[in-house]
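Shared between the two complexes below is subunit A, which pairs with subunit B and subunit C, respectively.
Our next item is the complex of A and B:
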């Protein structure tokens, strides 16, 4: 068995440790490029959402590299993500490829198929200690990749030379691929923290702060969303991303595990959105409210074009924006999105935030003392 | 006298504004880009040089528009800003209590919401041509009406024809259909203006509240038929202002931003730029399947700027080597130097 899986930012690093430890040979798809997107767009139905197209491109490229088994997750719910796996299986079968499609659905939709799929994904035999060891290490690696990306977003506007920051983080990510034990992971963490701390800072303290909310794939996958976070960072903005694969997994496996962040976001969203609308609709609303409370200057909402849950969230976010006086930029991404238009919009959004801050300061100086002093 | 230069290189037209310290426009020009922004920039600079007042010194330069980065390198800009900010700044300067800005240019249209002199929200349409000046120009050609006469013709209509304006392709077939039913040109032109207004409001305004005074600017604001169509749309209840400088508002905004930015020493390259030899060349990087198109801007043999690479691996030296390699391997396409007018498919 030569298994493959879809890309999602640095998920391949964690899975590249998990599967080989379980004794499964893997063929990771090549990095997402324009070619991946073109393959997916050509083969998928035109009105399918963008993540389906990109992940389909991943599968085809991996099959061409020699993969014969595909691991995919599924689900049932108001979001189309639930039938990604089924649809991709049909498309790949129609193309005449001889591959095995292993679909891991949520256990609440049938415990038998779930256990069968899990057994296949776990290498055929369930040896509990081995699985626990492999899961612990790859989970730690996945967490660390997200921490590194969080540092990149936060520090891009604060270091003297962002290229050095990229270099340190990219090198650490590369080194993570060959981590074999938790001790090695800890050592790598320590070294990365030291290297990042030693980067010369530019001493800025007055940077704008922007939060990213949206759909789990588009909001995270920088190779697809035109790297909005880097664009913001280069404009001198501190960026925080509320979307994370770690939290997504923790929340999906509830009640076994729990995601504090998601529970908080859902609670905050309650006054605006009471019911589950599929995907990350509620999370987007709740996270935007959290950013408003934490005093962020603005929010960027990233989602695939025609994504139903996020369109619901977009409508609700307009009320959030008004109530909290929080500017929100909505960006729908698909294969037709033009980079020039997106860059102009993001630049203009940062200008809006800057002018607002400037105006507020001017008015405070004009009207006298701070009202809360 | 301290002067500031604003340059707006758009898809269809290139605009220059020369402004003094009181934000008054000293000279301005409005040119066709005609697909060659470098030539348009040089032509504009020549015009500004001729109209420089005596004793005037350029102390700051701002560029905007879709070719703002290119213009910034060639002219030597102190500040490079996006069109939305530039247009908003100019509108606020002209009409301090402005609450909404409509800007319709050649390739895109913008709606900017302003409250208390600060931009609060904006929307921009870059995907669909049905809400832009190009749409009107294209239809004017079909109707055989010069674009300058288009607006006046619309005002002559006693009634209008409803034309589906959601998409340029359908608008065209609908327009031909209405023509064949026997409607007059003026009625059809008026119908087109109304279709464009509906499209603008549907696409950009969505759920945003449009409050007056509204400043209508951009090349299309010169079209009286469009102004009237907007007035009719709001039932005459909203105050719509078309500033005299409507065509060069973006460039004016860029000049104001350059003044606010107040550089100690300007990066302006001087008017001698027009004598210099700029060429832009491009190649497709084949190192990964991303196939980035790398554009290299050269002055004589020196690389002045390069962009288009996603990973950022290209340096002036490697890009130059690559271009030379390409010249060696790919035989340059030879075009016939002369063609007979009337017989040539391209020029006839």
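Our next item is the complex of A and C:
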């Protein structure tokens, strides 16, 4: 069995540690490129959301590299993500590829298929302690990749030379691929922290702060969203991303494992959006309010074009923007998004934020009333 | 008290139920007028740019009711089938309306049959009823009566009437021998302004339509079992089930499938593809036409495509070409 799985930022690092330990050979899909997107767009339904197309491209590229089994998860809705697996299985079947599609779905669609899929994904008969050990290590690795990315976002505007920061983080991520035990992971963590701390700073303290909210795939996958985080960082903005895979997995195993931030975000969103609308709709609203309360200068809302929960969130976020006086930039990403247009919009957005701050400094009214009015 | 029901989305499915229920509780019910240009324009102005066309139409109808009623009736119908959902846009509809129009008097109680089945249904209507009366017995009686009216309405639909015949009293079209399965959400198929009178157009071309409402639910559910996992959207499941029913039946009167979808419709973008792929897989190759409509759709383009489609159906029938295997080149 040569298994493959979809990309999601650094998920391949974590799974690359998990699966060999369980005795499953994996073929990670090649990194997402324009070609991946083109394959996905050609094969997927025209109006399907963008993550479906990209992950389908991943599968096809991995199959061509020699994968014969696909690991995918399902869902219970109402977001379209829960139906991705079925759709992709149908498309790959019709293309004539002889691959096995292992779909881990919610137990409510049958406890037998669930257990079968779980057993396949866990590599047949293997002792429980070994599985627990492997899962703990890869979970730690996944967490660490996200911490690294969070540091990259936060420090890009604060270090002297962002290239050095990128270098340190990319090297650490590469080194993570060959971690074999928790002790090694700890050592790596320590070393990375030291290296990052020793980078020369530019001493800026008055940077703008922007939060990112949105759909779990597009808001994180920098190879698809034109690396908006980096763009903002290069413009001298401190970026915080409210979306994370770790959170997403924990949230799926709700309700006991939800983090404090998430629970707070849900509570804050209640006056605007009374209930869960699938996907990350309510998290987007709640996190935007959290950012407004914490004094962030603006929020960037990233989502795939036609995403149903995020469109509901967008309608509601307009009211949030009005009530909290918080500028929000909505960026819908799909295969037709152009980089130049996106860069222009982000730059203009940062200009707006700078201007607002300047006006506030000069104690002018900043709610849209200009001094000459 | 006057309560306004916007004519959009689930209106065409539940209007009779809601109206009977509310009137039994002594509430005056006002429905917005049938769609017209001004209503659509207001919907386009107020709607989020990327939201699907039916929601924009719904917002237009809501706008038409603002100021004329004491409260808007937009219950949050999370689910009306066990283990299934409605589209997220329907789930968030009351919040969209509240935030876009800055109104508070929205009746937005949650009706959720997903986990608790019929209990969720009853509790939802109990909450709505409590806004008007404290007498639970009265609410139960009203709901009972409403459900009866609803069943009679659904029965009529199954006989071949369209919601516009029953709600607006338009005369029904005469049945034709040849039939086309017209798939799509009720809110598209029933609003003859936004679908540019497609039922009438197909009728004029010599075919009568079969909509998902005309197929009994037991039948669609049975046909759905062909899929390893049905989707989790009730209305989309009905669409797939209808398509599968006629794929299996091999009824010679049924000549083709027309799928009317709104651009941006999330569930239909996946489910439509499922239907298309299964039609291609079946041994009788039915002609299949997907028509996407939104606010920019021109009537001439729609007519041209329909006429071409009818020509194709006629040709296939005349040449006994219904069993040509279609190749699967992606």
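The rule we apply is simple: the second predicted complex is superposed on the first by the 357 of 373 C-alpha atoms of A that agree within 3 Å, B and C clash if a C-alpha of one lies under 4 Å from a C-alpha of the other, contacts with A are read in each partner's own complex, and residues count from 1 in each chain.
Definition applied: a contact is a pair of C-beta atoms (placed from the backbone, for glycine too) under 8 Å apart; a residue touches a chain by one contact, two chains touch by 3 or more.
Everything numeric in this text was worked out from a predicted model, so none of it was measured.
Engineer: Looking at the superposed three-chain arrangement on subunit A, would you call subunit B and subunit C a clash or a fit?
Structural biologist: Partners fit side by side after overlay.
Engineer: Between subunit B (first) and subunit C (second), which does A:105 come into contact with in this model arrangement: first, second, both, or neither?
Structural biologist: In the superposed model, A:105 contacts subunit C only, not subunit B.
Engineer: For A:79, is the partner it touches subunit B (first), subunit C (second), both, or none of the two (neither)?
Structural biologist: Second partner only.
Engineer: Mind working out whether A:352 is in touch with subunit B, subunit C, both or neither, as first, second, both or neither?
Structural biologist: First partner only, subunit B.
Engineer: What is the C-alpha-centre angle with subunit A at the apex and subunit B, subunit C at the ends, nearest 10 degrees?
Structural biologist: 80
Engineer: Determine, for the superposed model, which of the two partners subunit B and subunit C contacts more residues of subunit A.
Structural biologist: C
Engineer: After superposition on the shared chain, which partner residues are touched by A:54: those of subunit B (first), subunit C (second), both, or neither?
Structural biologist: neither
Engineer: If we overlay the two complexes on their shared chain A, which of subunit B and subunit C does A:316 touch? Say first, second, both or neither.
Structural biologist: A:316 contacts subunit C only, not subunit B.
Engineer: Once the structures are superposed on A, label A:341 by its partner contacts, choosing first (subunit B), second (subunit C), both or neither.
Structural biologist: Only subunit B is touched by A:341; subunit C is not.
Engineer: Taking the superposition as given, does A:87 touch the first partner, subunit B, the second, subunit C, both, or neither?
Structural biologist: The second partner, subunit C, only.
Engineer: Considering only C-alpha atoms, give the closest distance between subunit B and subunit C in the superposition, rounded to the nearest Å.
Structural biologist: Taking the overlay as described at the top, subunit B lies 5 Å from subunit C at its nearest C-alpha.
Engineer: Show which residues of subunit A both subunit B and subunit C reach, each in its own complex.
Structural biologist: The answer is residues 318 of subunit A.
Engineer: Can you name the residues of subunit B that touch subunit A in the complex?
Structural biologist: By the definition above, subunit B touches subunit A via 66, 81-85, 108, 116-122, 124, 126-127, 207, 288-291.
Engineer: Which residues, counting only subunit C, touch subunit A once they are in their complex?
Structural biologist: Residue list for subunit C touching subunit A: 47-48, 50-51, 76, 78, 83-89, 91-92, 94-96, 99-100, 102, 108, 110, 227-229, 231-233, 263-270, 272-274, 277, 280-281, 292, 328, 330.
Engineer: Which part of subunit A faces subunit B closely enough to touch in the complex?
Structural biologist: 30-31, 33-36, 318, 327, 336, 338, 340-341, 343-345, 347-348, 351-352, 355-356, 359
Engineer: For subunit A, which residues are in contact with subunit C within the complex?
Structural biologist: So the residues of subunit A touching subunit C come out as 42-43, 45-49, 74, 76-80, 82-83, 86-87, 89-91, 94-95, 105, 108-109, 272-279, 281, 305-309, 311-316, 318-319, 332.
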